[in-house]
Structures are given as structure tokens and as C-alpha cells.
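Each structure below appears as C-alpha cells.
Each of the two complexes below includes subunit A, the first together with subunit B, the second together with subunit C.
Showing the complex of A and B:
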């Protein structure tokens, strides 16, 4: 009257093995779960019983004790429904307990016995491979993503009945792994195009530099000037996702529960635009008891767009600093410390002032000096330090708009970006935006003339070492876009236009 | 704050502006930090805190030109026009900041760097003892010192109900010259000066107009903005720089347009504009636009 089923618990990005042990004994009918289940897991009991009964299987009229081992790991979520049901059925003799050994189960049960998708299927497949478990049974909607992991036979089941049939061998439902390269190739291009943006030469160039060097970007401009429009076009000028990048993005999305049913892999670079009311947990990651990835992680290998950035909470802006610097988020909880990837390009946008009328022709700003200072002061210095590029987005008058000629399409810009990225990776194995202070000086190979020019340019700016390195990083990327080995005066001069000066209006 | 302790100068003593002593209700004593107030031609340049780019440029230009002619520019070190006038004057001569707080209290804090520079190169004056915090009612009171110690007052941009208008009214009361700089009709900052002109103030378009009216000498002052722009000494320029400079106008324009007119890619035009900015020949304006500057007014 005992059965053991393998499953997992999701801890951040990883799945840890969990053994579901079920024992039946002669006693008043009861169903208890022990082994540090959270309140959510305890609710499984009702779902499991209803699902078993509605799948036309007999519910044992005995005392059922389920133990989730290891006992010191807190278990959360609904993915233990399916292993619990399998354990109960095996313990009651409906299944041969031995037959369950090659399998790892996860999935949430509906009361009618169908299986609902869960978060973290990729993590489960990775864990199964590590444990040496050959076969993974999970909800059908999760099968394509889990099938990305080679070395594990993934079977998607639509219901508890189907899961039982898979164990019996009466149904062969092995999902074929998706051809990720083909999917990525098909997804390339598409999305909004840069040629739809009229004028804005300065901002478009800033976008190109941001894409080429992996720099974070701040755009300042009045409402309606096209900040969001520009930001949405950044993914389109980035190189297509590589296979490794796509796997990492898909893994995060899987953990965050963002993959749509049946979606195997995220093929387009993410573009995430959380609202400024979003909490720190939503943007950075967090939650209790087990932290979930925030927008900064969901936007991995893509773009995190923060519109109205000064209106975001202080905790959000301060919390963004570390992930932007390190490329990952670390969240510590009593039970475990988890790490989510966060290699994203930040694009922040702000109005020049609270009333939004500043820098619009013929209109006068009604913000008081104090309110203006407070508004701008909300962008913390340390966060601004992580933003290499700042650019003003102009509101064009109708007359100016009509004068504008059609601009370059995204494809042309992307070709330059690709070339520039290649040059950077040949030189430093990382993009300029991620190159540390002193290393960027070496990478720039400044000659005496350029050094003198830099000194004179920065003389009246009270430039800190940080500001100096930000400027060099941008100049290095411009040189890479120009195909230049050495950073010269022309590149430094252009980079000067993207310094922290947009607030001084 | 400043090396030296603030000095208390009694009315009638040396270092108390003689013109101010004549004014009814003049403070019995002034706290002065920085340089002592030598006998000189003092001229006030005041205006709104919410200045336009135009106002800031003109205030700076007039401040610079007045100071170059040996005039000491007096203002209130408020944000906007006042600060611009002080900054302009500091590039070529001296200036006096009259505060509504103690001379050791910098208000607004955003002017901390300017405050330090004035205390070094000019004088900071207040009728309130050191340590006095700013209060709204102290600012109109300090305006009578600005008007009282000056030969005349230049109003660059002011709203009808602004503090600068109080200074102008007081200057009239004390029999001083009032000068007004005209501005665009649709801007609220032009209301004040335009009303003053209607009431008989002198319309001025350059520091030279002011100097002329006050009977002061104007050895090198430009007669007008446009003339100044042309006569500005130009450093040697590359052909690209000259091409872009020729396209630039006083009216700010977008990079897209500049690049197209110059026939160069936007990135190259951006680099050239940076160089022109560094040379003080071009300036960037709100709205990502660029304009030609009057020789060296920016910096």
C-alpha cells in the first residue's frame, strides 16, 4: 500500500527533485499531505480527489498520507497534482508502483481530470535529465517547450486518463523536439520598422548605437514626440536571437508562466513595457515564498522599456541598478537564494517636465522650479550611471514633419549593427556597453590628439571618471559602426551629443 | 563658504553704495561677503525665474557686455534671468548678488556653483544677518536694494505680476532709468517689459543702448545681436564645420534638416555640431535643435 512518484519543485530558474510518497492504511478515510507543503499544495487534495473520481477511477476508502521529500524544502504551486494522483492510484493498486519508476510527472489537474499547463516545464526537463529519469509526463500545453531539452522523452497528456495510458504504454505520445533553428529563422525580421519614424535623426542614431553596443538609453521628450514608437523599433534592429539566447529566454518565460499554450520557444526578442505603477517585485522579480522572475528577467535578450521612468517607484529604480550591471538578479529568501538572468537593454523614457509642455514650440511650461527638480531628481544618480546614452526626442511641428524625407529601414540599420557587434566580440568578447571602465580606455586606443580633444571637451563638465568612461563606451561603439579600429576625434565629438545634458533645458 | 567673514557696512560708511543711501527706506546697514562694494557704475539686470531660452541668452549677453564695459551687474541670483545675467557678467567683469536671505545662505540651491563664483569674483549683499533663511516676503524687500544701488535697471523677461516688475517700479520711484528688452508677443515673459515700454521705459536691444543712455562709454560693445554674431572671432574651421555653421541660424533647427542642407550623414553632422558647440559657435536647444550662438555667449 505504498507508492513513490518523482516530481519537482520550482526554485527560481531551477527544478529540484521532489519524491512524492503515498501510503495507505486502514483508518478512517482521510487525505493528508506532509513534507512542508504550502497552503496552495494542500489545496491539491480536493483537486486530486475530484479529478480521480471524475476520471472514473476508484478513490481508495482508506487513510492516505502523502509525503513530499525532502522535508526541508518548501513546495509551492499546483504542479504536484498529477504526481499526487499517480501516487494515490499506484498505492491503491490500480497501477503497478514499479511502472512509475522511469517517469517524472508534473501538472495541475482540473476537477474533471484534464491537465492544465504549469510554470517551469523546461526546468523540469533539465532536472529530469540530470536525475537520469528517462521520461517526462506533463500537460500537453507544456510539452513543446519541455521537448527543447535533448535527452529526455517528453510526453504531453491532455488528462489524467491519458497520463495513465502513457504509463501503461497504450498511448505513445512522445513529443518531437521543435526545430529551433528553423523557427528562429522564420521569426527573423517582422515587427515595426524604423522607416516609419519620420525625422528624429538624433534619436534614431542613439537607437542604433544602443543596439550596436548594448548600451542603455534614456529618451527625453514631450508626450507624443514618438519615444514609445522609437523604443518599439529597437528589437527590430538587434540581431536575431541565437539558439542559446532563445533557450534562455524561453526558460525564463516558462518559469514566469508567459509561454502561450503549445508555444515551444520564444523566437522574437522580448519587448517588455511595464507600467510605472508596477511594484518592485513585478519589475525586478520577487514574491513569496518562492520568487518569480520580474520584467527585467522576462525582457532578457530583448528590451525593457520604462516609459515615464521618473514616475516609477524608488525601490524599482534602485533595484534595477544591480541587474543592469551584472546581467542577473539575485533574490534571497529564507528557504533559498535564486538567480534569474537579466541581460536586457534598458530603454527609459521621460517627459522633460511634469506638465509636458517644456520644449514644445510656443508653449510655456507651468512647472515650478521645485517640482521640476523633484521630478528629475527621482531618476537616481546610480541608475543614470548605468545609462550610457541620453537623447532628446523632439516634437516636430507639422511643417518640419512635411520636410522630412523617408528614413532608413530597420534592415539596413541592423546590418550595420551586426557588423559593429562582430567587431566588438572579436576585440573584447563582450559588447561595449558591458566593458568596465579602464578596459574601455584600452579598447579605444586613443592617440595624443584625441586625448587632448577629450580633455578640452570635458573641461567644463566636472566630468567624473564614470562620465568619462560612459563617453568612451559610446565613442567606441560609434567607431565600431564606422568600421574604425581606433576611436578618433570624430567619434568622440559625436558621442558628446549623447551625454547627460538633456535635462538642462 | 567664502574665505572671509561677511562684513557689516553701515549706511554712509565707505563701501555702502552712495546711490542706495539716498533712497527712502534704505537699509541701515548691509552685510557684504566677497569683495567690498567699490564706487562703480552699478546696473541691475533682472527678470523672471521661468525664463525662455531667448531670455536667458539675452540676459547673459547683456550681462557680459555691460561687465565688459566696466559696469558692475546687480541682480538677485534667482534662477532664470538673474542667474544668466550674473553668469554673463562673470565672464568679463564683476557682479553683485543681492539676496533675500543671509549672505551665507545659498538660495536656490541649484545656484550653488554660481554663488561660489560670485562670492569669489564679485560681492554677495544682504540686509539680513548671516544665517537668515529665505522667506517669500524678503524677496520684494531685497528688490529695493537692487533698484536703489543701480543707475538703471534692465528688465529682460518678466510676467506682469512678477518680482522683476516690483524692481522696475521701485527704480522709477527712485528716479532711476528703466530699460526693457522686448520679446515675442505670444510669450508670457514679454508681458512685463512690453507693459513697461508702453509706460515710457526705454526699449533696449543691446548693452550698448543701456550704456549710451546712461552716458557711459562703450568701447567695444556691439550695437546689436546680429552684428555681434557676425563680428565674433572665429577660430580656424574645417570645411565641414564652415558648411554647417553657414546653415545654422539664430532660430534653432533640427539635426535632420541641418544634415540634409549640409549634404552629410546625420552622424557626421552631429560630430561637427559638437565641435562647433565646443568652439562656442553653436548651441543645443531644447527639443533636440541646434542654433548659432552669438560669439562665445555660451560657456
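Showing the complex of A and C:
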């Protein structure tokens, strides 16, 4: 007459344990759920009943009370369908309540009793391991991702009937953990190649530096000059995902509900390009009552591409500042404060002005000075401060388009990027783009000549300490690409090309 | 005008008799017929083993165009639950499970047609 089933509630990236208690008693038939269920969880009553009946199991004609403990944690979503169904069936005597003890269940039921995938299966597996629950039963489509977590036996069930068979031991559906290393190796390289980009030597160089040093990049150029084309080729010159990175990306994608059914691990670096009408909640993360990861988190260890960046909402752009700085997003809600990873490379693209014709030879810009100023002003100083590299992407003439030889393929560039990254990690254990201001000065080992050169280069314009450090970071990465131990005048000179002038002028 | 014209209450009576006969044939023991309070009435209360059933009978004269059982709307359901609760409190029956059935009866010139929805709500 009573049964207890273990399950979870998803809070950000984590799963908290939830006990589903089901009691039957002698009263008019009824089915109530208590324990702070959201309206969505209460809906699961109808699904659970239909799924049980359509799985050819008897629905108890008794008063059913289900309690979701702890009572002060708000439960959301449909993943409690399966534990509720198991609880009802155990309480009505169809299976031994004791038999459920070694299991943790989650999954959404369809009316015909099949199981639909849910968000956060990896988080559930991690929670199960922490709780000391040995076996996890979840929808078949979620099994491969959950099996990434060692120490938990994961069984994927296609339906309620199959879940019951797993508990009985009549079906042995333990998912073998995927071999992450092998999957990652097989997925290496792919996507559009850098050799398809004609000309644009400066922009391609900026892309390479961005990839090597983990710098954020702003490309400014007229429509059709190839900004988007370039950005799409950045993932292809980044090193392949490491196992830890792949696990983190997969975890975020699992929580965001982006993994396709049966996908075990994300093997390619994400490339996310939200439209400029995207809300702050969509880009930064948010939503109520339980926040979900935004594009900046989904793009972790990959590329977040913001095309037409000045047209994004002010809340979106300013909201990006903290995650770009810290590598994570913190979202506070009444019920919980959650943290999502956000270690992504930002690539922003913008037209030089609203009409798009400024700085293009032969054509004239029709924007008034006021309009131009307003347009440029949409990118705040603090945001621009977090973008180390700025480059102008000029439109090519027909002549250039037709004559250009195909440029360097991604593979060659990637090899240089890998080498430069290795040098950085040997020196500071982090990429140049993430090194603090004073540390970058030490890392550059500037000699007297270089210092003098820097001074004269910066003398004619206002340069803040931050702008100075930004310049040094880029110069350091260029030196790493060149294989130089010390940053010299040549690297500083090249770094000066990628300064803020492009946008501010 | 039809020859065997029956009043509404006659139709209901015929329907309830047919429903009770069906229950008995299936091995149920009818405990009460028309158990009523001011709040409402239970047409049939029956039991078989540990199962207690409250039966609501909806009878209609032929020809019918919709299932008579559809006459039990949510308001009627709520009323029946209240009466059943009162029944449990006053009669204190011993049972392990209990349910509500709705029996639709179509009374035609050549006999009755009985349909039953088990555990209707």
C-alpha cells in the first residue's frame, strides 16, 4: 500500500534528489500529487494513468496520494512521470516495493506507455553516483549520455513495460559507456574549410590569432565581405575538444535539451549564431522559475558568433560582459542560484555603419554623423574592452575575387594554433586571452627597445592600462605563433593593427 | 404517439432494473438501490469480493443519438462523489478498492440495451 521511488529534480546543471512516495488507501478513487509540484508536474497524473492502463497494467481503484520530498523544493517538468508510475504500480502490489530500492528513475511517459527523452540525464547520473544509487533507469534516448558517468549502471528503457522488466531482471539493458576518446578522434576536423576564403589575409590572420590565444574578435566590414564566412571557419582551426571539454559541453547540451536522441557526447566544437533579436534569457541564460542555459553556455568551448552585433539588445550585450570575463554565468532565482559554464570564444561582426557603405572605396556613406555615432555607441566601452582583436574586413573587387589563389587550408592553420597553444599552456597554464593584466607583462619579457617602441606607438592617442594589456596579450599570442620566446617589435607592430581604431574611428 | 409510452421515471426504473440484473449476473451483490440523502442519490451500490462499486444509471428511450452515459457530466460526477463520501461515512462498508461505474441503458420497443463504463471517473 506504500512505495518509495528515488528520482531527481533538475536545478541548473545539477540534479537534486527527490523521493517520490506513493500511498494507497481505502477511499473513493482519486489521484493527487503533493510536495510542491508545478502545474506541469500535476499534469503527469493523466499521463501516468493512461500509460499504466495502455501498458496493460491494472490501475488501482483506490485513493492515490503521491508525495514529492523534499516538500520545499519546487518540482518541474515531466521527468517524474516514470517514478510516479513505478510508485503507483509498486504500491498497488504489482511489484515488490523493496525491489525499487537500488534504482533511480526518470523519464517522461507518452500516453501509450513509451518513454520520451528528458533534459539533464547526465546530471541525474552524477546525482545517482553521489547518492550511492547503483542503477539508473531512464528513457532509451537518454541512456548513451548518462552512461558517460562512470560508477553508475545505466539502463535505457523504451517503455514503461521495459522499465518494469529491468526491475524484474528479466531484461538486461545495461548501456555500455561510450568510448569518448575514440568518438572524439573519429570526429576530428570537418566543417567548412578556411581555404575557401579568398583574400582577406588580415582577417584570416586575426582568426588564427583569436584561435591561438583564445581572444575575442570583432570584424567590421560592409555586407557581403565575408564576415560570416570567416566566423564559421573558426571552429575548424581550433584544436579538437579534449575529453574534459567534451564532457562539459555535453552536460550543458543535455541540460539545455539540445542533444539528439541517442547522442552520447558532443564531439564537435559548438558554433552558435543567435539572431540579433534574441532575448537576454536566450543568450545569457534564464527563464523562470528554473533558469536554463543560454547560447553563451551552449557555445562553451566553441564559438559564439554575434552577427550584426550593434543590433543586439543592450541587456544582451551588457549581460555578456560578466560571462566573457569569468567563463561562467551566474543566475539567481528565488528558489536557487545556478551557475552555467560559459567559456566561449566570442566572434562579433558588424557593418561599419547603418547603410553599410562607409569606408568602402568609391561608394559613399549616407549616414549622418549623429546616426553613425548612435550606431557605434551601441557597443559599450566595457564590452569592447573584452574584445582583444578588431579587424576590418574589406569588400573584395571583382578582380581580386577572380584572381585569388585558394588560401591556406584549415589543417595547416590548426597545426600552428596547436603549437602556439602548447607554448602558452607551458608558460601560464592558461591561454593569453585569459591572462590577467600584470601577468601578461611578465609573460612578454619586453626589452628596452620594445618598450620604447610601444611608448612611441601609444603616445599619439589616449591609451588606458587595459588597452595596453590588450595589445600585449595579442602581441604575446603572435609571438607564440611565431615560436618566439620574447615579444619583439615585429609582434607589437602586428598587434597594433588589431586595435580598437576600427570601431572607434 | 407510440403505444407503449412510458413516463420518464418508468424508463429510469426499467434501466436500473436492467443494470442491477446485469450486475447480479456478473456475480455482484447489490447492497443498496436508490440509497439517497438530501444531497443526492446513488442508483445502485454493489460489491464483489473487496470491490465496492457505485453505479449511476442513465436510461433513455430509443431512439438515442448520443450515448446516455454522456449525461453524467462533471457536475453530476462531483455530486456523486459527495454522496458516495457520505455513504462511506454512514454505512462504514469494508472494502479494499472502490470505483464509480456508469451504466447507459437504451429502452427500446423490443427490450433494453445495456452498456457499462467501469471506473468511469
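Throughout what follows, the second predicted complex is superposed on the first by the 501 of 505 C-alpha atoms of A that agree within 3 Å, B and C clash if a C-alpha of one lies under 4 Å from a C-alpha of the other, contacts with A are read in each partner's own complex, and residues count from 1 in each chain.
Definition applied: contacts are C-beta pairs under 8 Å (C-beta built on N, C-alpha and C of every residue); 3 or more make two chains touch, one makes a residue touch a chain.
For clarity, every value in this text was computed on a predicted model and none was experimentally measured.
Superposition of the two structures on subunit A shows subunit C fitting alongside subunit B with no clash.
Once the two complexes are overlaid on the shared chain, A:28 sits against subunit C while remaining clear of subunit B. Applying the stated contact rule after C-alpha superposition, one finds that A:493 touches subunit B and leaves subunit C untouched. Once the two complexes are overlaid on the shared chain, A:200 sits against subunit B while remaining clear of subunit C.
In the superposed pair of complexes, A:373 makes contact with subunit B only, with no contact to subunit C. When the two structures are aligned on the shared chain, A:163 is found in touch with neither subunit B nor subunit C.
Ranking subunit B and subunit C by residues of subunit A touched puts B first. Here the apex is the CA centre of subunit A, and the angle it makes with the centres of subunit B and subunit C after alignment on chain A is 130°, in steps of 10.
When the two complexes are overlaid on their common chain A, residue A:13 makes contact with neither subunit B nor subunit C. By the document's definition of touching, of the two partners only subunit C reaches A:61; subunit B does not.
Of the two partner chains placed by the overlay, only subunit B lies in contact with A:394; subunit C stays clear of it. For the pair subunit B and subunit C, the model built by superposing on chain A gives 71 Å as the shortest CA-CA distance. Shared contact residues on subunit A (touching subunit B in one structure, subunit C in the other): none found. For subunit A in complex with subunit C, the touching residues are 26-29, 59-62. Residue ranges on subunit A touching subunit B, taken from their complex, read 199-205, 221, 352, 358-362, 364-365, 369, 373, 391-396, 400, 403-405, 456-457, 460, 478, 481-482, 490-491, 493-494, 496-497, 501, 505. Subunit B meets subunit A in the complex at residues 49-50, 52, 79, 108, 110, 186-189, 254-257, 259-260, 266-268, 270-275, 277-278, 284-289, 299.
Only residues 51, 81, 84-85, 88, 95-100, 119 of subunit C touch subunit A when the two sit together in their complex.
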